[in-house]
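Let me give you the structure first, and then I'll get to my questions.
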Amino acid sequence: MSTSTLAHEIAAPAALPKFPLNQWYVAGFAWELKDQPLGRTLLGKPLVLFRTADGRPAALEDRCCHRALPLSHGTLEERGVRCGYHGLLFNGDGQCLEVPGQAKIPSKAKVPAYPVRERDQLIWVWFGNADQPQPNCEPPAYEFHSNDDYLFEGGAYHYDAPYQLIHDNLLDLSHLGYVHLRTIGGNASIHMNAQMRVDSDDTHVKVTRHMPGSQPPPTYTAAYPFKGKVDRWQEIEFHVSHLRIWTGAADAGTESLDDPQRGGFHMRGFHGVTPETETTSHYFWTMATNPKDNREAIAAKVVEQTVLTFDEDKGVIEAQYQNMLEFADRPMVDIHVDVGANRARRIIEQLRQQS
Amino acid sequence: MSTSTLAHEIAAPAALPKFPLNQWYVAGFAWELKDQPLGRTLLGKPLVLFRTADGRPAALEDRCCHRALPLSHGTLEERGVRCGYHGLLFNGDGQCLEVPGQAKIPSKAKVPAYPVRERDQLIWVWFGNADQPQPNCEPPAYEFHSNDDYLFEGGAYHYDAPYQLIHDNLLDLSHLGYVHLRTIGGNASIHMNAQMRVDSDDTHVKVTRHMPGSQPPPTYTAAYPFKGKVDRWQEIEFHVSHLRIWTGAADAGTESLDDPQRGGFHMRGFHGVTPETETTSHYFWTMATNPKDNREAIAAKVVEQTVLTFDEDKGVIEAQYQNMLEFADRPMVDIHVDVGANRARRIIEQLRQQS
Amino acid sequence: MSTSTLAHEIAAPAALPKFPLNQWYVAGFAWELKDQPLGRTLLGKPLVLFRTADGRPAALEDRCCHRALPLSHGTLEERGVRCGYHGLLFNGDGQCLEVPGQAKIPSKAKVPAYPVRERDQLIWVWFGNADQPQPNCEPPAYEFHSNDDYLFEGGAYHYDAPYQLIHDNLLDLSHLGYVHLRTIGGNASIHMNAQMRVDSDDTHVKVTRHMPGSQPPPTYTAAYPFKGKVDRWQEIEFHVSHLRIWTGAADAGTESLDDPQRGGFHMRGFHGVTPETETTSHYFWTMATNPKDNREAIAAKVVEQTVLTFDEDKGVIEAQYQNMLEFADRPMVDIHVDVGANRARRIIEQLRQQS
């Protein structure tokens, strides 16, 4: 940071990137790449995502170099994607393999390719800066997509709001009592009076909330045979590209809420939050749960209720963002529950400054 | 006006307000404030309107001071409105009464409140300038909302057009013969050849048109047992926040058209025209009428036909405004019937300059 | 061009027009002018098109000079168009004939008129510059709208794309093999390997493609009793305001593809491409065909399949344009098939510079 301040003093620095670079971001789910190319804008860059015949995912700029039709309007072939206008064919590296009507392929006939990985059912794309166009690490694992104790489903939301408003929402689950009281929330005062602890370092924030001896919310009691009151927890881990949220409950007094191997009813959420543009976002979520009996049906019910809460959050966050535009530059009053979200914002700002 | 010209010469004046200030404007109808907060933007300011448990109306800035969610997305409680995100509670004066999760309420936790009154079924909000933030008068009465001789109904339109185009339309009823010929209009030449008188002072315009010995239009004959030709009148009173329009007819030769107590068939329109923004408007109308027999049914029919004409006006005015944008800065040719509307525009401009 | 370069050196030249002027452009079809005025924006100018009682078409600026309502919201009378707000009446020359409510017609009460012609079922409007406001020629004939050997139908598309992208599309029919393979296209390699010849002068481009001994595409075989392989042709004539495209086929070896009187199955397309604005377009098309037997039914089928291909083209071109905006200022790689389209772009640019 001191270097960048110094640079600031001696020369006009280059414009900062709008988002932290040199990061893997979630581009979608493995199951989305089938027989059609998929167009999706990430970090302001329109991409076409597809698989070649060897099963490997590819991510190219979504623009034919000839007359600019999105390649996502084209068709997939064994060797790559063929443009739907004049039929140019590109492989997964963006090299043009065929120009119909002529034998010679112009040397400029290629489209930019982005580093891409598939891991644990997630597709990740690397967005690097000029110094680090190729990845210097692998994308993170996400073990609950391949753990037999859990059943999971997932989906994607498009948000008309900047991605940090989604971070704010996920890092402060006190809103459950007001926004989601009929499903995963339950009584508001339980959340607002929970014991909260916030830990953080340069790239992570962890918010831990314990609600011992509390009444389980509707979704919990429908999913699990609790005997009465429960010891309930929320553990929220913020990473720059995604959040992991472990919520759950055990019969009161039966488990230590500090034991990472504890039993009880678990909801493990993966939340990949990827900017589409500065003002819009993709939100890729999965919910993994461990019902005791009647597992498929109960997991489906938990996911259904989770989707309800995500719909509610989307309504709130998009209305919030429209009002922030309406009242631009107006200060906000912080309260106690904002501490986790505020730390995440500082991390993003710092990573953005460094990239 | 000379003072403001002088100020112009000696110093850059502060930007003028976009609308006349130090005025009561119509914010809605008494019956709109029930069990949900109501979000509505007036004069460019997003407001939330609601009643507290004592029945009093309140108008706050529609933005929670914590994270900017519109308070109109919240819920009403006995003491005020509770934000639908993190649950802050505000009373009708904009004071925060509760911050869930903490005992202390930050001193900055409040939202601006606007002076508001309920009178004769109308909700009025005061928009003052820095010198006159609190009202120096009460909003006007409107007696026909509580007069047993009349039955009335009302409603609201949203216009994609600046509010002065609605004034223009209401101040020149000669358009009835072209826009509304099938309902309240009737033969066009009756209107265009009517005797017209325009009186005005610094804050009002009155346009009076008499059409003696004319054929009653369809809406009139359906509502009232006229014997044949009628003496018909239109009295339009422009005030900066609203218009009162008294139209009607009596059997030809039976009443003096200058007698304020005259009989016959009456349509008394209240037209609250409140800017939403510089380019959009709210139009709050009621129509009170005095049918002779079968009163409820005939009043309902008159209102139904009135709504038809308002729909037609909205179509015309919004198309007019779009075309004014399309042909920006092009001069308009004035004709005889424009005199009332032009005086109203001068009054608005003068009040704007003074506020 | 050298003159204009010189002017550039000695004085700031006036802004160039956005489109070539001193040209007839297609404004619509004869059958569109019936009992309602028709509002349509051409070359950025909103026009109202209508016929007066003598059957002559008229084109006025679509704005009443009084209060700016589009005249296309009015009604037609024997002498002209009457404004739908206050009833001013204008004739086909834009002169005001009546101002309701007053005897005197203000001298400024008129609206600009544009030169207009009806020829071979097409309505043409002249757009001149200051030196040539009146036409110096007649609009072109189009003989296939009155040739008994052909049956034709037509229609109009609105495009959210600049008009030159439609030229590009029509001048390079190699896209038939990728965009329209199920109808008029057929096997892609036939198109891409066709013999292509491009001729041009200062105002025209002609692209001729011959595909001798090829398999006829689905639309052709459904319409005409070909015996097997065909000699197929495409002749595309670009003019600044429209294209004429003659495609067809004859049984292989039976006709000279250079004979203008040759037989076989013909599809003769008229394509009037008129800018609406710099970024949107009108596309007026007709398709004339010469089926052998069962003429009405087969012609209808050919038109139906033609409409399918136009729908496909519209999807491609609008997606292309959105992507060109997304990737503004990015270079495009030319390939062999672009030569005709590129010459047309040079003609348009040259005519624009001269007007």
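Should a chain be cited, it is by its letter among A, B and C, assigned in written order, with residues numbered from 1 in that chain.
The working rule: contacts are C-beta pairs under 8 Å (C-beta built on N, C-alpha and C of every residue); 3 or more make two chains touch, one makes a residue touch a chain.
The structure displayed is predicted, hence computed values, not measured ones.
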I need the common contact partners of chain B and chain C, sorted by label. A
Could the interface between the copies chain A and chain B be described as same, meaning over half of its residue numbers are common to both, or is it different? different
For chain A and chain B, what's the span in angstrom between their mean Cα positions? 48
Mark out which residues of chain A touch at least two other chains, giving numbers and ranges. none
Taking the complex as given, what residues does chain A use to touch chain C? 46, 62-63, 65-70, 73, 82-88, 99-102, 106, 108-109
Flag every residue of chain B that touches chain C in the complex, lowest number first. 168, 172, 174-175, 177-179, 188-189, 191-193, 315-316, 319-320, 323-324, 326-327, 330, 332-337
